[in-house]
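Labels run A, B, C and D following the written order; every chain starts at residue 1.
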Amino acid sequence: MTELAASDPLPKPKRDIAPILLPIALALLMIPLIGSTSSWLTLTAASLAMGMMIFIMASGLTLVFGLMDVLNFGHGAFIAVGAYIATLVFAPFAASVQADSLLVNLAVLAPAALLSMAVSGALGLVVERVLILPVYGQHLKQILMTTGGLIVAEQTLYALWGPQIIPMPLPASLRGSFILGDVAIAKYRVLAMFIGLAVFIAIQLVLNRTKLGLLIRAGVENREMVEALGYRIRRLFLGVFMTGSALAGLGGVMWALYREQVHASMSDELTVLIFVVVIIGGLGSIGGCFIGAILVAMVANYGGFLVPKLALVSNILLMVAILMWRPRGLYAVTSR
Amino acid sequence: MTDLLKLSGVHTNIGRYHILQGIDLAVPQGQVTMLLGRNGAGKTTTLRTIMGLWQASSGEITFGSERIESRATPDIARLGVGYVPESMAVFSDLTVKENLVLAARDGPLDDTQLDWIFGFFPALRRFWLSRAGSLSGGQKQMLSIARAIIEPRKLLLIDEPTKGLAPAIVMALIECLKEIKRKGATILLVEQNFFAARELGDSVLVMDNGTIVHRGEMADLAADVPLQERLLGLSLEAHQ
Amino acid sequence: MMILSGDPPRSRVLTLVLVVIILALAATPFLFPGAKALNVAAKICVFAALVASYDLLLGYTGSVSFAHTMFYGIGSYAIAIALYGMGPNWAAVATGIVVGLPLAALLALAIGLFSLRVAAIFFAMITLAVASAFQVLASQLSWLTGGEDGRSFQLPELLRPGTVLISKNMFGFEINGRILTFYLVFAVSAMMILALLRVVNSPFGRVLQAIRENRFRAEALGFRTVFHLTYANCLAALVAAGAGVLNALWLRYAGPDTSLSFSIMLDILLMVVIGGMGTIYGAIIGATIFILAQNYLQSLMGVASKAASEAGLPLLPGLLHPDRWLLWLGLLFIASVYFFPSGVVGRLRHGGGDKGVGTSH
Amino acid sequence: MTLSLETRDLTIRFGGHVAVNNVSCTFRPGELTAIVGPNGAGKTTYFNLISGQLRASSGSILFDGTDITLQSAPLRTRAGLGRAFQLTNLFPNLTVEENVRLAVQAASGTHYDMLRPWMVRRDLVARADAILDQVALGNRRSVAATTLSHGDQRKLEVALMIALEPKVFMFDEPTAGMSIDEVPVVLNLIAQLKQDKSKIILLVEHKMDVVRSLADRIIVLHNGQLVADGQPAEVIASPVVQEAYLGVAPKSAA
């Protein structure tokens, strides 16, 4: 492949870095407010871990919207389904989960996560074909149909598993914290951060370094032209939708382990959270979604520490503040 | 000479609008066929219907030996049809390189083909790694055309490539299209710039109100000023 | 005709159905004695008004709001907190109304100015987020709202069941404070629905429809659409809060489950879709069908579930359990959006030989 | 003070593309100005800048002595700028009469009247009906706008503008896509409006015969720039128009 050195200066567009600086500035601003460095480090680590989990859950939603102009109000259902499926694996292997060996734990955890992703991905296929296909291009009906889908999914979970909360204990080797001096960082949070970052980097690599990613980015901008170049975008979309659903499932498992419990109503709670994140990030923007997730988690953690009462409405306040600054979110996607 | 593309009795409705009202046309192999006509005559709709972006409500479209009127756009593209839309539709978020990588559907970019394209449009080499969105209108048009010819296509559908371009760029474009034609491509070209049309066209079709109102040799139309005026609604008084 | 603002039902069957519903509601205390029937009738009245106000948003402006129960809840809580705090007197009722309704309108104003500038999809998401924050807030501020338990309160003397206004030996029926409360609910709901009918058929209402049809063009005609949408949002919030007041007065209680929960939001969505969006009359039909089904079909489900479990069928008992009521509603909802988007009213009007679209002459 | 509409160095850029480039022009009452130029010359964009659908990158617009460059579209309409759109832009599921009534209502300043049913406003209804008769749509008044033929929809589009009682009429290709027999109705309407010498009329049009029969003045846009301005006969004959319309000169192509 030709790699040509540019002979003339390229008119590089200015990179919009203000949103990237935002969480950094917020974190730095909190050092004096929180006072103790160790608390600050703990809270920051907690924020990043939580942010990564939220990002994993929200990324599919924002990508699907950007690519196909479909807003799935039922995205939260994939999260709950993922979590429930994981309990299916956890229950019979409770002994392995509690074994004090990382390898044994992972031998249960990894298949559980994979199965969850497979099931929620498959569910994504069904949802796209049944609920979304008939209402492309009609926002109002999309909202109504997918809301209906959310109810049905949630109620089915109740019917199958009952209304009780199912405990989902952390595997033994992931309990406890890493202690660095007087800073304690929970082991599971480190894992969550690691997985979240891996997912983010993977998404970025796919989007920027592969032809598939180019297709997705091009499709976000102009679906017709991608088709006119000879690519079957419907299949591409279905693939993205299923990937997004599978990621939601993965996020569900991680969230369940974080809370150490599973409940059908978790989809409601998380739907709101991921909506706030994708609104803040700018509908359709992966980078915005990533920053938005971290911001939401930071506000929740720092806010919860400083002004516990405020934590209840902190998301809304954050959203209002961001939208006053940028009415279409941090990174507005150009085509809409 | 065989016809590469043939439309017979094609009607297209968009919503409640009956835009194409029975189009019969043939694009001979290896020629540049001009499609002229005033705004709203249905030229763009004709190209979009061929490309499958709008579904013909009736009629037949034959490409080579295949019937394509009910095929999906990607399948039509894969038969070897390149499309340069009126809006250029470059992917502005992608770099020039990435735009071309996508356009080279079946493999990596071919260096000789690329050098050939750079020969016409040096700007593309210069802005190889820039976002397409930062290009000027003319450069976007070049990219859009480059995208359609980066791999050999049997048929090119090009919609008003000179629209809104400065004269010097128009000249470069005309040269490029002539070269593509020499290489054996078949082109159906929508154009409002009559001089560009005269330079390039072998045969000509004129549309009005969703039908073809004139078909003939480009040279004949170019010589017949009253006919031009009648068909295109343009006044050429100043040249008399 | 003026009481209907020149927008009659325009279908003989629809007129008949509406008349039957309204007469049955009005005569419930006499026709169907018993607390349950009266409860169902009162709930139909309250929800008809609530759904009609939602229709103003969904059907006439095309914006999906998930914050409607929030306004409903504000009305309910305002009256409950006032009567709980100030004791069962009329001043408390007045305070609840004077505080609750403007509060709802103000909040709607803020949300509207904030989110109606951009796409409809933003409005839907933002209302969902705000409503859920409000729900959390209401359950956390338990010193004010009673938390998860809610607030029970006493009504003013006149409205209590024990207050006998006309004794049984006069007409053979006893008219007591409970029945008076029912008629209060009935009358206020009817007034609110008629007022909404007036609004949607006013010049203002036509602008709302114009915005729904083509917002860009409405702006080009000189209408500042953000303000129109925001006014509509405020009006809808006011009526919703009014319905909330009635609901609390009837139940003598306000709590998260009866006035704020997300499932009420879904009920409203379902009622408006079943009844027919953009008709106002659809609200009456939708509320009646839905609430009758909820109260009478749900018990049927219980019977079926028990039968299925006795027959030893797998899965079915769980799916038919009355608690899975929402599952079936969800399916019904999807089916009605898909197959039946114009609702009962749309079907009746269409089948009723009305060929005009919009208003006929 | 007489009515005036002026654009000063009006410019708009989309990314690297300058769609309208430093256009300065003053429009006078009693004068029908046709704006011509090839496809993509920036005519509709220029219209969108004046009527407020787009915001200028630089330059200003003065209307009736006020700088309206930063005003929103609704405010400009209220100030008296009326616009008929190139692509028919109606309220599809409302009746023909309701479409016009909405415009009449906007012109009368009735924005937030929500306590009276619309039929009580007989003045609005009567005016709407009168305008429908004027554009020969009186017999279609109670059908939905979407069921009208293309030509009738164009007429309705014009009716909406007339109903606004604007000081400036802006027609964007009013006869585009009309069948031959429908064209005269619209042209007669424009000719009628021309009788009122206190109004400014702007017309974007491709068909030169239409321009020649109606225009008092022609301005030519080419690649976003104003390249000619003057009497119809002299502008049409000028070489710059030939080049703008017909492309590069033959000698340079040789």
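Following the convention adopted for this analysis, a contact is a pair of C-beta atoms (placed from the backbone, for glycine too) under 8 Å apart; a residue touches a chain by one contact, two chains touch by 3 or more.
As the structure is a computational prediction, the values presented were derived from the model and not from experiment.
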Touching subunit A and subunit B alike are none
Can you check how far apart subunit A and subunit D are, centre to centre, with Cα atoms defining each centre and the answer in Å? 48
Centre-to-centre distance between subunit C and subunit A (centres being mean Cα positions), rounded to whole Å: 35
Between subunit B and subunit C, what's the gap in Å when you average each chain's C-alpha atoms? 57
Return the distance between the CA-based centres of subunit B and subunit D, expressed in whole Å. 31
Sequence positions of subunit D contacting 2 or more other chains: 16
Could you list which residues of subunit B touch at least two other chains? 92, 133-134
Are the chains arranged, by touching, as a line, ring, star, complete graph, or other? ring
Chains touching one another, given as label pairs in label order: A-B, A-C, B-D, C-D
Once bound in the complex, which stretches of subunit A touch subunit C? 71, 73, 131, 134, 139-141, 143-145, 147-152, 154-156, 158-160, 163, 268-269, 271-272, 275-276, 278-279, 283, 312-313, 315-316, 319-320, 323, 327-328, 336
Which residues, counting only subunit A, touch subunit B once they are in their complex? 1-2, 4, 6-8, 10-13, 211, 214-215, 217-218, 220-222, 224-233, 334
Touch list for subunit D against partner subunit B, complex: 15-17, 38-42, 146-147, 150, 173, 176-177, 179, 206-209, 223-224, 236-239, 241-243, 245-250, 252-253
Which bits of subunit C are touching subunit A when the two form their complex? 62, 64, 114-115, 117-122, 124-126, 128-130, 132-133, 136-137, 140, 262, 266, 269, 273, 315, 318-319, 321, 323-324, 326-327, 329-331, 333-334, 337-338, 341
Give the list of subunit C residues in touch with subunit D in this complex. 2, 5-7, 198-199, 201-207, 209-210, 213-214, 216-225, 227-228, 231, 235, 356-361
